[in-house]
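The data blocks that follow each hold one structure.
What follows is a pair of complexes built around chain A, which joins chain B in one and chain C in the other.
Take a look at the complex of A and B:
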């Protein structure tokens, strides 16, 4: 028989007990954030808070229960949540160095991002947070979850064009700085330099040259682009984001779209149908240069196959580089931004704020949290991290990237010729990955545009109220 | 069950003898042991299941994202759900899937049970082999099958020249659900088989001897004797199976993740997406609607059971 899904997670119980063991006034009218302080019915609300806690404890599988860290013997304990399991060791070292310099602060690293929202519900979020910055984090910003960091001296060391990547999503109260970028990832077309050289293909700077390169490889019996369509996110991150970002003004489009609110008929100039139609044929063209059976290959299949030299190009970000080198340590890789137009000056690269640092508004250890955040943004910490992880440092005057894999996109990033992927603007309640996958499989552009327009409108309607 | 049977007995006794009824009423009518047994379970159930469910119902009337500020928005979440074709599609998928799977599971399980109940060599050993899928985690099973469908089968198909099978069935929007049915059946059939085996063993051998004397063939015996005699077990299997398959989740996550496209999104997956998607209240409304539908189905099924005179 099927196991029922409503079964409480075995670990939910201890987490719940932690909640209960906290002092009772905790349940009182302490607002979750500034907005909540305006509540008119504190008693009823706190009742629901208790009930909500019970609900959260049962319904959301909580793993691990961080004890209620507080101040003991003059030592402040901070909880630092970061969401990348692969860099836990780096941050452990950073924390060790920080603690040596600041003996009155102890930092616990928590790399379980799944704990974040439950932490908000319990009003016990981590003190310092780093997440990728896109729709979901922007939503937290809009709800006032994070403290204003604009007053920190370290905020002035951030390159304003990278800070714009964050503020373009909207600022709390219109002026606050809720997050500071820590790491910028630039994604383009990863290519196998040996295969390019063997067939005398130069890095294409126009769409036509790119298509010509694909045809050359195809004629030579080499898969031009390795497709991993089974993992729908790779289609969204690759073909969809690259083509739309390369030929349209994605940021401007979503700014206008969000300004329209829920009132967007499909015929409106702000609609997807109007804006994205022109990009669809190129997305399908990209997909058509993939190997047979791309639909049953996933991301890790793709890394293994591309690492073994089974294709000339791979539409993936820098996060794949280490996997590719792991699959074949002799592989010679490079990255170039996908040229989607025939004007090389128009070519842009996809970037995302891979890590952005925030301090939660309600932390009782603000001073210690600020000291830790200052330390994280010291050039030695932030630049070393980005150097090691094939990413770009957000600091002004950061050294130029030396990573040979990234040289092809470094100029574009430095000159600000970039965009944030269109797919990252969708709220998680719109299953955009699935829609794109469906579009690539069925090639029905009309259906795709209508579905996305409808879905966006429905979500806007129900979140606008 | 015993706890509910007891007061019924005392009540009849009290009805017959008013004097004793008074005496009984003044004393404790039920042995406190039953309270010791029932109350803790009931309170835990109420606290961990009923209360959160009610909280969910409450929040389905708000625009709560799971955190932060919220306000009441009345029934508009419910209205919106009925206008959402993606939700409707997930309902259609889930019900078609649950119906198909229930039928296939029961046919397969009954066939296996009949085979395992016959006098065959190595019966205990073979029975054990057939029950192995039950001990494996559904998620692990589905990841293994995912690998088979995506890598092994296409390679084999290509080698033998079966081109239509050379791409994974999981990548086909029209056929992916059949793969999910197959894996679910593989995983769920042993459980149903156990119940059928128990049923078959409860049928006395004399019945078959009599049928043999009357000259009934084995197919006739199955139709006219075995099936009616194990009908209660069949009803239980159908009801438990259908209920379980309506909540299908982990096998889909392991096989297709709801794809390709939107083809295999089950209702449970949509509801669960509300936790991470900031769509908590909307999916809570979805959950309430789904609860009411399953409640209705349960009531109908319970009626059927009572008519058949079997109890769960």
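Take a look at the complex of A and C:
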């Protein structure tokens, strides 16, 4: 009845009425007259109908998968977080095999590592975790995020010298085993066998021989070392870690440094200025054997160029091998540890714990998580993984690596002649990559050492208890 | 009437165009400039399509500009399987559809309430309060938010929708309020005289009149929620409910990137945006322009 009173706006009404008949908000130009509205409306309306149907179609299946996690019919669901998207398929297969043997456990693989800290915050962390083991993971260990695994039977199958790589970062309560190594990566100098053979260069075992090899290549017009300085991390893990690790006792240095706490004047024997000065000229010398324009090349440029044989050597770890082979199937590669001194017995190789397994302390499914972890550390699982991914197995009595690319460093790893890269000891709050990059560019060693000392002191003061 | 009107009109337009072409001079400088500018869109798109159709061997060779031969369509199938595309797509679509609907509904209601009660100090204050939310960077509050949403059982796509709607209110209300003010109050008064309630006035008079702004807000909400990475990555606890942008991380390792699969997957994720744009192009453009002027 009252509607009939609304005649005062005769022209406005038809437009409103057409609008009101829309099931969903109607966007677009307001019709200028009835003709245009009549011509365009049906298509819009059908579009909205499609949108509405799509929305409904989305709702129905999603409501079905809400209550997935947790325990259903006696089956325990574990969440396994691993941070290497490239090996998702391998672990999917491992999980399938594990579930076949353990029908009462279901494992969900989660490669979204960004969800680890949120998981801790909401007190719903993943049950089993693998991470690369360095500063950041050590920080979690110090806070007691991970459970003690020393009682597990598999813990005794791990080679103690590899377990030491983890405990060197500090143990929770001084004795707990918070992580078991799963995969050890050994990084050295990747070299092109064909280029070495063509110029009659043997794998150098001393610094002088290495420099002589670089000069030989330079004289022949070949880039000795392919530099990718645009990605600052490649300078840190390459030139910086290799030179410092090869000539200094990096592990001991950081042990002393951390023992001193925040109270480190630059003149102290534990300071970077004192300790690292001798290594700087060699870092610059290494960098000087790179091609022109290395500053504008990044890691993937380097992989493509080195794969095509544009340089004799490449300071990268085993993770680059698959990329190099992808760029050139026929490339013949080898790896040798960079000799930084003239005593071949002193030569060491850079290693890092690429994957370490942990169980979170707060998990409510500890028993199932331990069974899964035991399975992951069975020789067939862990050795196969490392064989496939150009890495070293941490198990005692693991078979020797058959990967021809790694033979040059296998002996050093087996004999324990290795170090963890100095760059990995820095917390993320020290922009070490950038400091090293600017040192290589402006060659001011004094400024570099002062900056690193200052940064370390600042962070130590901030985090001191 | 319609049939008699339309042809005549288009005929007139055609003759006008032909006549203008006779004295038409091409501005070659401007044309060249626009062609170059269009490359900024077309070139990345070309790379995306070309990369998605290459085998790993083809990616390693040449400059990257070459069109792959033969075409490798299997990348799409492999990416589809690897990301469990249908599931991730549904999850993303769920987040997007409800974020858009929620943003439209909530922001316009808030804006209407504030704009029409401007003389009350409380509403003016709440406008400033909402605006001030724009000054808080999202990463600062993310961890407390995660804790809170977990307590409320919102660590899933529904929680992401909730936060998208909530987070959008300040900016969207800003747009809407300016627009509501330009609508004459007399329209509402006449509806009141007809006996309409406040809700009826909003639903039947104001909301339809907000159409251009609805388009703008809808587009922002759509793009924002479809492409969002950080919020779903941190919020959604169950990996099976994860959205497309997060799942696509699968192709990017720390030291290696599977370019062909990644780009095939990006293209599939982009497809709905492109299809919606092609279908709704006319309204999108007019909506954006209206929003820009107001």
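By definition in this document, the second predicted complex is superposed on the first by the 396 of 465 C-alpha atoms of A that agree within 3 Å, B and C clash if a C-alpha of one lies under 4 Å from a C-alpha of the other, contacts with A are read in each partner's own complex, and residues count from 1 in each chain.
Please note the rule applied: a contact is a pair of C-beta atoms (placed from the backbone, for glycine too) under 8 Å apart; a residue touches a chain by one contact, two chains touch by 3 or more.
Quick caveat, the model's predicted, so the values are computed rather than measured.
Q: In the overlaid three-chain picture, which partner chain does A:295 touch, first (chain B) or second (chain C), both, or neither?
A: first
Q: Does chain B (first) or chain C (second) touch A:307, or do both, or does neither?
A: The second partner, chain C, only.
Q: Kindly classify A:121 by the partners it touches after superposition: chain B alone (first), chain C alone (second), both, or neither?
A: A:121 sits against chain B and chain C alike.
Q: For A:455, decide between first (touching chain B), second (touching chain C), both and neither.
A: first
Q: Look at A:428 in the shared chain and tell me whether it touches chain B only, chain C only, both, or neither; answer first, second, both or neither.
A: The first partner, chain B, only.
Q: Just chain B (first), just chain C (second), both, or neither: which does A:112 touch?
A: After superposition on chain A, A:112 lies in contact with chain C alone.
Q: For A:437, select first, second, both or neither according to whether it touches chain B, chain C, the two together, or no partner.
A: Only chain B; A:437 stays clear of chain C.
Q: Of the two partner chains, chain B (first) and chain C (second), which one does A:75 touch, if any: first, second, both, or neither?
A: After superposing on A, A:75 lies clear of both chain B and chain C.
Q: Between chain B (first) and chain C (second), which, if any, makes contact with A:322: first, second, both or neither?
A: second
Q: Just which bits of chain A does chain B share with chain C as contact spots?
A: 2-3, 5-6, 8, 35, 51, 54-55, 58-59, 117, 121
Q: So in the complex, which bits of chain A are touching chain B?
A: Residues 1-6, 8, 32-33, 35-36, 48, 51-52, 54-55, 58-60, 117, 120-121, 136, 139, 143-145, 229-230, 232, 292-293, 295-298, 301, 427-429, 431, 433-435, 437-439, 441-442, 454-455, 458-459, 461-463, 465 of chain A touch chain B in their complex.
Q: List the residues on chain A that touch chain C in their complex, please.
A: Answer in residue numbers: 2-3, 5-6, 8-9, 12, 16, 19-20, 24-30, 35, 38-39, 47, 51, 54-55, 58-59, 61-62, 65-66, 68-69, 79, 83-86, 88, 108-112, 114-115, 117-119, 121-124, 299-300, 304, 307, 317, 319-320, 322-323, 326-329.
Q: Can you list the chain B residues touching chain A in their complex?
A: Listed in rising order, the residues are 47-49, 51-52, 54-56, 58-59, 63, 65-69, 73, 76-77, 80, 83-86, 138, 149-151, 154, 166-168, 170-173, 184, 188, 191-192, 240-241, 244-245, 247-250, 257-263, 265, 268, 272-279, 282.
Q: Can you name the residues of chain C that touch chain A in the complex?
A: 1-2, 5-6, 56-57, 60, 82, 90-91, 93-94, 97-98, 101, 104, 143, 146-147, 149-150, 155-157, 187, 190-191, 193-195, 204-205, 207-208, 211-212, 214-215, 218, 233-242, 246, 249-258, 279-280, 282-283, 286-287
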